[in-house]
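Labels for the chains are A, B, C and D, by order of writing; each one numbers its residues from 1.
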Amino acid sequence: MALIALILLPAVGGLIAFFIAGQGERERWVAIATFALMLVLLVAIVAGAPEGRWYAQVSYPWVPSFGISLDFAMDGLSASLIAISAGLGIISVMASWSEIRTQSGLFHASLCWTVAATIGVFLSFDLLIFAFFWEAMLVPAFTLIAVWGHGDREGAALKFLIFNAVAGFGLLAAAFALASMADHMTFNAFELAEMKLSTSVQVWMLLGFSLAFLVKLSVPPFHAWLPEAHTLAPTAGSILLAGVLLKTGAYGLFRFAPMLFPQGLAAVSPYGIALGAAGALYGGLVACGQNDAKRLVAYTSIAHMSIVLMGIAAGVHYALAGAAVEMIAHSFSASALFLLIGALYERTHTRDLRQLGGLQQIAPRFAAAFALFCSALLALPGTANFVGEALVVVGIFQVNWVFALLALSTLIVSVIYATRLLKGLVFGQPRPNAPLADLNWREYWPVLVMSLATLVIGLYPQSLLALLEPAIKAALVLPLP
Amino acid sequence: MASLLPFVPVPALIGFLVLSLMPVALSRTVVIALGVGAAVLPAILFAPVAVSCLEGGCVAGAAVPILSIDVGVFVAQIAMSLDPLSMVTGGTVALVAALVLIYSGAYMASEPLPDLRRYFALMNLFLAGMLAVVFAADVILLFLGWETIGLCSFMLIAFYTKLPKAVSAGRKALITTRVADAFLLAGLMMLFLSAGTTRLDGMLAAVPAMDPWRLAPIAGLIALGALGKSAQFPFHTWLPSAMAGPTPVSALLHSATMVAAGVILLARLAPLFAAAPEISAMVAMLGILTAAAGALIALIQTDVKKLLAFSTMSQIGFMVLALGLGAPAVALAHFAIHAAFKSLLFLSAGVMSHASGGSTAIEALRGARYRQPWAFWSFAIGAASLAGLPVITAGWYSKEAVLAAVWSSGPCGVPLWLLAATAAMLTGAYAFRVVFVAGSQSADLAAPPWGGAAVMVPLGVLTFVAVVGGLSVGALIGFTGGAPEHIPLLPTLLGAAAPILGVVLARQLVRHPRELERVAHRLRHVRAFRIEILYYYYFVRRFRTIATVLGNADGTEAAAQAAALRRESIDAPGLAADDPLGRAFGGEAAQPDFIARATDGQTPVVRLVSGDPVGRILIVVARVFVGSFVARFSPDQIDRGWMGFAGSFGHAWEQARRLQTGRVRDHSLWIALGCAALLLYAWGTSWR
Amino acid sequence: MTGSDLIGMMILAAGLFAIGVFGVLARRGIMFQLIALEVALSGPALGFVAAGAYHADPQGQGMFILVLTLAAAEVAVGLALFLRIRRTAGSDDSDIISGMKG
Amino acid sequence: MSLLLAIYAGAFALVSGAIAVTRPNAVHALLYLVVLLLALAVAFFALGAAYAAVLLIMIYAGAIVVLFVFVVMTMPVSPESVTRERASLRGAWPLPLLLSVLILAPFVFGEFGVAGTSAAAPVSAQEVGRLLFGPWALAIELASLLLLAGLIGVRHIGRSDRTPRSRP
């Protein structure tokens, strides 16, 4: 029951925020309260969880004739992702304190509804409900970009919607095909996992599923929507997009691909790794050429998510652990960078690397934050990204050392774009007569929390790995250790 | 009592921490008391463990786990091993260290307080590190101890920081051993990767399963690492120059314990080397080579400490020879006995040189017999044991065991035995050369009052061990799992004759110093023996020239000029303007346009500082890479592809529109067509 | 009434329907299309009654009655449209009204 | 109840339908339509569906076709309209013919599995009435709704003095 409450809470919170949106900050505090309440509820669930992998499991038959039932379950992986979503929710509200003036009620409502839908994705184990939340996620995200974005925001929002909605059909089609194959039609992922399908059928099903996941994961050639969506979205929008929405793709692949189609994934895994490696390299190289800071970070997200894909496709223990950690680490680094660049944009109204610079002399806090998260971007040891990417590369070495070399080259490219971002923003001479206010408390505390998280996971990954261990074991496909 | 083992090195560690980090100013006596106490305690703590071991408490491979680090993907187990090997070596190290520290309590008393405190802290840290190496049952603790003793040897060699020679000797020792440690680390890592566990016994269990082409490099690398630390042939240059440190340091580190760490490691990993015969053969060759060369060079030395250093190198050559031929137990026995009499020699030489004004030249010791009778006689007994005079000294038993092992080690055993015997004879020669010089008459007989219990006790104990220790050699070999070799009478007799011959040769050399000079002079010119200079010309000098070229010290003014340019923030167009190499490229026009285009007018990626040719090449390559390769990616072709695809829908719509004529007839035509198609399909599939 | 007889009647009904469709498609005049529509409608009517007869089930004729009502309503509206078009567009050619042209 | 008569009448209806559809002159087409309906009625009688046949004649031929006649009367059947119809028909008949053949083919060549014979007793009007006012009551209501819709549609379209309202 608690799990359904976890989904309804942000939904209802959004509704309340929408209706009481008078002048003043009421709806912002309601949003923050909702997300805080969610975190408390999550902690309560995890604390009171029985032994074993699942912290909580609930199942209500909804349409028995078609075998559709509301079954939600939460384990280590989904718990941490939900915690991040709620945390990023609070951070995005704080980040858009001064930025959003018009219709802020609707803004905070769509923030809450996006998080509600993503939590639905993280919890649901019924394929139809999963597909429902998968599509439901797009609507509030679309409004976030379309209404409060910059520049050609409608175009970017439309592109985002078309890409993801069309890909969602792949998921839906595969889900229905899979459900109908069961002797009695059922959408429950656990029952479907028991079905013995031939490898070729599994591969086709996997392609259907992974179409949706790859587009949401924005692995090149499916990444075209991400740069515009992230660049033209408001700060809160890009934080949520990078921190939460990208993770639903990774989560789906991590959870359902090995569970439903083990042989399929094993057969496809070399191509998956190759795609991931090529994508990471492509994302990195394109990022090197960008002049707009936010676009650069958007392309780095593409590179990092391709690395996650490589980890999952490799299927060995190290790689999966690496992918899981990389997912979470990327949430912190990407959203922090978007927050900082957004704050910078609010002050200087430009994101062009060639015009910015010299933060070191005039805004030390900015410079410090950028330095830390740029180092996280290039996976400096000691940051969580390093743990993720190192484990992925080690895992891939076990599978195939050629791809591992390719993966390593992505790390090299990551140095190029990370240092370019750092040089563009922090070093060099500040523009002569441009006084820049340093980070105020609203922006400083979220960045502090996220940098602490990155460093703690970076220096002591055991804390996170223990949490994710059951999920990783369940996702093991290849016979390798 | 076995669980006491992990606590044996702890007092030494605490001693180090207290002495080095305690902010409180300690008085001289407290420092000495603390230093010596912290060094003696491990020996005391070790006694009960040894007793329980003797009663059969320890079997090969038993280990006391200390802590385990769970790295998520595998569990690293740090443990200390409780087997005969660590008992024997641990006992020797603890005993010798305790005695040397007691001796140095008196010997170093005249040092200024801060140096004294630093000395005792470092000696205690060394003891802790050495015990860690000796007891380690897993690779992590082993390498931790290994590096600590390397560090302490550098700090202790360079103890007299004011002497430039000592500091350079320290650096030389550190660099050589670090190079060897790098080999060792590589070997251990490869061993870990193929064995999958960090525990030594686990690794040794995995050795038979490993295929030979993977095992050979591992064994080779580890052997190189061990030989480096034990100052064997390719890495031996640092040991003689390490004598620049204080005598107790040379006594403890560079004679008994540290240099033998390599031997201990090779003994512990004996099954690994047994599985790699060609590597063991190489090790044996290096051992015998160093033994012979060390003995020969020691013969022509004029400084007693240098002589003893070469003697240590030669004796360890014997041990390595025994190891190479697959007799680790014999090597360990020789190590134990050698540690005793070599530290005895060093300590007594220290006393004699201290008494004769501090110089360690052999000539300066002339007449020490009458000035320092105690010290002289203990030195003489030590020398006897080193030479291996038959029956009466411990050295003979252990050397005899080594020679027996060499004799019965397969086909080429006999020639090796001959070489080893000549080396033994030379050892006898250079050992007794010093004794005869020290024993002869000398003018100034005044013996300044020096010594005292703190010096005499260690010398006494060591002399006792040097003499009586021999009886225990057989038991030691049996205890550490080796089988004593039974060889025919003739080689044993010849083995016994060799040292006596050595003594006669020594007497000849002392009586006719001039021949020795001629021999020494000729030897010094033999290129093979001028290894010291060899190293200098081939490695050090070349390295220095490259470093200066790269550093391009004269490039500094170019840097200053560049900085000036930048300050006025003149946006010099890229490479050419402010950088000497740029000009060398042919001035302004030469700068390729694609670099400018790539960095599209923004300030060049990196302002090139000082004339660093290699650095600049990298920068140019990076910018070319950015310019030509990355630039092609910047407008994200895939994104344009998708938008093009989306655009194509526009044209498709144009055609589609023409279809919609709006006439009722056409629309109903399409409807009818659809209906016909459906009927055909239905007929095709279900009606049959 | 054997099965093959029923098949025969069905074929006749289909024939009627086919002719009706031909008429609607081939003729440009709205009136002629309406007439063709009536012919097409009579096809299913025959089919229903034949099936009803075969199974001796009144539902066949029930359906026929529904077809009748459909025909009536449809003709009424069709003719009203025809008159309307003739008054506004001035001709009874169905191609004139192509306002829906894409 | 003779099957032969039913099939013969059906065929006759088919032929008259074909002719009705291809007449350039509207009145001729209408007349052939009436012939078709009458033939159909004969077929219904042959099939034992007397009630349906009577309805067909009364309502279909009697009322609906008469409606047609009224409207055709208002149409000037001038010789040039006839020639125009003939020209338009000549130019456009191949494709629709192909299409109607395509629609007919499955029925003709499809081997339907209707096996066995059934005692095809004539269905009396009582049974049809009992059906209509029994289980089919709702169907009849819907039929009446359909007619009402037709009525309203005709009234709305048929109004002459409609002033064209400006679109909102």
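Note that in this section a residue touches a chain if its C-beta (ideal position, glycine included) is under 8 Å from a C-beta of that chain, and two chains touch if they have at least 3 such contacts.
This structure is a prediction, so every number in the text was calculated from the model and none was measured.
Contact with both chain A and chain C is made by B. With centres taken as mean C-alpha coordinates, the chain found closest to the middle of all protein C-alpha atoms is A. Chain B and chain C have centres, each the mean of its CA atoms, that are 103 Å apart. Work out the mean CA point of chain A and of chain B, and you get 48 Å between them.
Between the CA-based centres of chain A and chain D the separation comes to 64 Å, rounded to the whole angstrom.
Our note on geometry: chain B versus chain D, Cα centroid distance of 107 Å, whole angstroms. Residue positions of chain C with contacts to 2 or more other chains are 21, 24-25, 28. For chain A, residues touching at least two other chains: there are none. The set of chain B residues that touch two or more partner chains comprises 665, 669, 672.
Counting only pairs that meet the touch rule, the chains in contact are A-B, B-C, B-D, C-D. Put simply, chain D touches chain B in their complex at residues 92, 95-96, 99-100, 102-103, 105-106, 109-113. Residues 665, 669, 672-673, 675-676, 679-680, 682-683, 687-688 of chain B touch chain D in their complex. Per the touch definition, chain C reaches chain D in the complex via residues 1-12, 14-29, 31-32, 34-36, 38-39, 42, 45-46, 49-50, 52-62, 64-66, 68-77, 79-84, 86-87, 92. Of all the residues in chain C, the ones that touch chain B in their complex are 21, 24-25, 28, 33, 94-95, 97-102.
Contact residues on chain B toward chain A in their complex (touch as defined above): 70-73, 569, 602-603, 605, 626, 629-631, 633-636, 638-639, 641-643.
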